[in-house]
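Sharing a structure here in structure tokens format.
Should a chain be cited, it is by its letter among A, B, C and D, assigned in written order, with residues numbered from 1 in that chain.
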Amino acid sequence: MMDESNPYLPYIVNIEDAWYETPVGDRAVKTFKVNFKDEKVWDTWSHKPGNCAMVGRLGIGESMFCISSSPTEEGYLRFSIMQAGKVTSALHDLEAGDTMTVRGPLGNSFPMEEWEGKNILSIGGGIGQAPLRPVINYVRANKDKYGNLSVLYGARTSDLHCFKSEFQEYQEEGTECHLAIDIEEEGWKNFVGFVPDLLLDVAPSPDNTIAVTCGPPILIKFVTQGLERLGFTADQIYTTLEERMKCGIGKCGRCNVGSLYVCKDGPVFSYATLKEIPEAFA
Amino acid sequence: MVDETILREKAREVLARDDVRRLIGWKRGTYGYESAPAVLKDASQADELIFDPTCVQNPASFITLEEKLPVPRGQDPDTRKVAVLVKGCDSRAVVQQLVEKAYTRDGVIVLGVPCTGVVDRRKAQKMFGDTSEPVMIKEEGDKFVFIIDGETREGPRAELLADKCVRCRFPNPLVYDELVADEVAVWGADEFADVDEFEKMSPPEKWKFWEEQFSKCIRCYSCRNVCPMCYCLECVVTKQKPQWTRRSTDVSENTAYHIQRAWHLSGRCIECGECERVCPVDIPITTLNRKMTRDVKELFSYEPGVDVEAEPLLSCYNPQDPEEYIM
Amino acid sequence: MGDFKFAKDKLAEVVGALKDYEVFAPAAVGDVLRFKEVEDASSVSFDFKNTNVPPKELMFPETETLFKFRVGKTDIEPAVPDESKKRLVFGIRPCDAMAYTIVEKLYSWDYPDPYFEKRRESSVLFGLACSEPVPNCFCTSLGGGPGSEQGLDALMFDLGETVYVKTITDAGDTVAKAMGLEAAADAEKKAAAAQEKDALGKIKRSIDTEGIPEKLPSLYDHPFWEQFSDRCLSCGICTFLCPTCHCFDIQDEMEAFDGRRARMWDTCMFPEYTLHTSGHNPRPTRKERTRNRISHKYSYFPEKFDVIACVGCGRCINYCPVNIDILDILEKSKQAEAKEAKTA
Amino acid sequence: MSEEYEPNILAFLCNWCSYAGADLAGTSRTHYLPNIKIIRVMCSGRVNPLFLVNALQQGADGVLISGCHPGDCHYLEGNFYARRRFMLMRKLLEHVGVDPGRVNMSWVSASEGAKFKEVIDETVAKAKEAGPMDQFRRRQLNW
């Protein structure tokens, strides 16, 4: 856990490996595999799928990212970061061997224990797959505890699909995998269309199933509508929210939706909770 | 003297028009010497409008304050006009906004209110104290008559007038579609004695003065936001990439902010005095603006906010511009 | 606890007697008052109504360093305040002291904030009861009052020639004794009680907060917010000058090879506050921001911490340049019907 | 002022005239004072007056903006705009208490290597006279 006496102090981490998930350029996604400079941190560190962390560079600042590795992947943390603003651009300049800072784990997590015995349906779009990846990997590592795992994922083009090689692994393991792209492409044999359409096309059964979705707000909005149409109830649907964040510990105030702080009470919310907060989809 | 019934009648007419979205004027405040800017959307609200010496705010500021949200797909943008009540000084803001093409002349309906000066709240508070009940003020000759908690009090006009009004040269609106009262006589003179007085100080003395003033600044940016000329969608002082001014408050950053602000207003400031009025820590902001106004006038014979046809000062040049300092 | 008094003309001596404390008291620059460390005890005065900038800045400064670092190095040097240094806040008004007790709940929530807490723990608060409330004071509506003791270690009553000091905690007692104060008599106690009663009568504005926290969420889409937000300037006066507003921004700053991470006051009234990097802003207009400010104070905060995040000091009303009056908003919110919101 | 005080001067030189002028000063082995740090810009009209404030904040004791002679601007009129701007910025800084000797502007053409030296000498002399810029420099206040 974080430094008890001062939650603002980050850990220094070494970047062990870094690679681009999508073609280099504006809005590219780069994955960093990091390890603590001080290995002793692992003794007190524990995170769960869904937890976030403030990742940053000294002198530039820090931003909130989900930890995209599952706790079952031991000995490293992974962050998949899309280049967008000041901090992410500075992080993208880093390579293996450089250091960055990590402050966490922060926020709540997916209730993995509660979901035991259930089928897990993951629906992601673009970089929204990052918080779903730990869920998928956690379920894969604890196969006996969960029912079927199915993964739905889409991005604008096939180039922009993150974690490509891993989807192959899932498929080889026998996990149900459905991929989509928005615009037709030569050689693409899978679904063409938006993720909510893919969802209706696949039409998974709501029986004993938990649906976890993440992506751009518009995707979340239409996926939840689609899920409801398929017969999912609000408490079967989970998603993560994002807001601008600075402190990550519920003090600086900016990430509230209604009375909830996304950084501390979130980022994971069940649709049943969000339905009650008009601001959640603002 | 402005007859409020005529003012309201005219406002009602304008608000009743289909092509008018909102009207900005003044209404009674909730306490003391305050009035509040009124943003009305319906003709039935016209009776809220007032005009008296408490109406210090510049309604022209509120024309550009409204956020422009993206128009939802399938909907047409709202192109209805904004109507605005302006005093003489406020009308200069409208002129300058038109010069800078912040909006088009067709986009606004300007109702001109000739004004004989407004009361400085702080001066009135010092003279009569404060109260939680709204105060009524009337002008009678060279006096202001106050009704404070039911009691009638009087104070000399010269001592209570806001600074901007003491030297006002434009009590009558310079641009309008309609006037709601007869024009009044001009009393102010074009003089910069205050600037001259300040300039007598040596650079270290000036800095000593400003260091104390700027160190008070809490960077609430109300001087920027209230300014009718500060309508940029993204302000350079809050920009993060690149970040010219840091967010931390210290003398250095505060000074940089105030220099940037004054600089961006040089040749644009129309002297409505709102920046200084709103400052919660009493920084004499207009002292900076006045200096720029004076220099712009002396160096380039330019006065902002008087001529709708003028070109903005810094987007034009004259080959004969002074250059005595250039090596 | 104890009852003490001192002669008002001995104020400088009383304050000057404290050698082990950093003393903070209101100091004027021109007409502007804010709390500053006292360098010259003779400058301390009781002749003020309230400071322009609330004393929240003593616990939560405008800008404060969280930690320092150097380029190329990976060690981080925290800049947590020194708690061993005792601080005395002298002449704080009861409302501002009460504000500490509210903000404290947030700062100690789950992840205790060492910067705020260390300052708070090492501070002794000597309050000054109000005899002349400002016209927009409404502390009595929120459980405070001109003689409220919440959060204070001692409360002083300015009785004209003498000052009656009522100590509330052990820390207050210790300081009063260190100041060398003499014991007060019943006469002073009576005078103080009379003064408090008199001051209570002078508070003209009020609001019945009953039901507001529950009602505000139902007014989410209500058009009445626009009556106020349409004239809002999106400036930071109401929040920066609010003793209970606690939001901040964190920025890294570099000075050649030295750097620091600092936090500074931020306000929910700025559009940049919630702006995502993507360009999406969940609170894009002044309506949402105004609603969030009021709802946060009167609904979200009480939902989490069981107390309204407002002490009724009246600063947001006094300094708002466009007369956005929180009492007016609350009053209108009580009249507004939730049904109307749905049709809007 | 102690004798060893050497001001830091930041110079914004336009690509077409003043930078070439500085080049000429160099190739013709004219000695000009080393206090100056040059930033090449495409035109003096590109220099935002805020650069100047920022330079003074970050440690410059004086600033020089140099462009083509009026009428010779590569972009026809960039230096005319610059002239107006810096005239006003100089006045504003002076009003805040910044010694006017810290803000300098010059016209130096590509053939004026010798003039470039003179300009630099004068700029440095003025900044020396004004002393270290300590008014609103970013200091490590309570860091």
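For the reader, a short list of remarks on this structure follows.
Following the convention adopted for this analysis, a contact is a pair of C-beta atoms (placed from the backbone, for glycine too) under 8 Å apart; a residue touches a chain by one contact, two chains touch by 3 or more.
Owing to the predicted nature of the structure, the values given are computational and were not obtained by experimental measurement.
In terms of C-beta pairs in contact, the better-connected of the chain pairs A-B and B-D is B-D.
Nearest to the common centre of all protein CA atoms is the CA centroid of chain C. Look at where the CA atoms of subunit C average out and do the same for subunit D: the two points lie 47 Å apart.
One finds 51 Å separating the Cα centroids of subunit A and subunit D.
Here the CA centre of subunit B is 36 Å from the CA centre of subunit D. Residue positions 250 of subunit B each touch two or more of the other chains.
Shared interface positions of subunit D, defined as residues touching 2 or more other chains, are 138. Annotation for subunit A: residues 85 touch two or more other chains.
Only residues 22, 29-32, 34-39, 57, 61-62, 65-67, 69, 122, 130-133, 212, 216, 218-222, 224-226, 238, 246-250, 274, 277-278, 280-282 of subunit B touch subunit C when the two sit together in their complex.
Contacts from subunit A toward subunit C in the complex involve residues 2, 5-10, 12, 37, 56, 58-62, 84-85, 88, 99, 217, 242-244, 246-247, 249-259, 264, 278-279, 282. Those residues of subunit B whose C-beta lies close enough to touch subunit D in the complex are 198-199, 203-211, 214, 236, 244, 250-253, 255-256, 258-260, 262-263, 266-267, 288, 291-292, 295-296, 299-300, 313-315, 317-319, 321-323, 325-327.
Across the complex, subunit A is touched by residues 66-67, 69, 71, 74, 76, 78, 80, 106-107, 109-115, 217, 220-221, 246-252, 254, 259, 261, 263, 266, 268, 273-278, 280, 282-283, 288, 292, 296, 299-301, 303-304 of subunit C.
Across the interface of their complex, subunit A is touched by residues 240-241 of subunit B.
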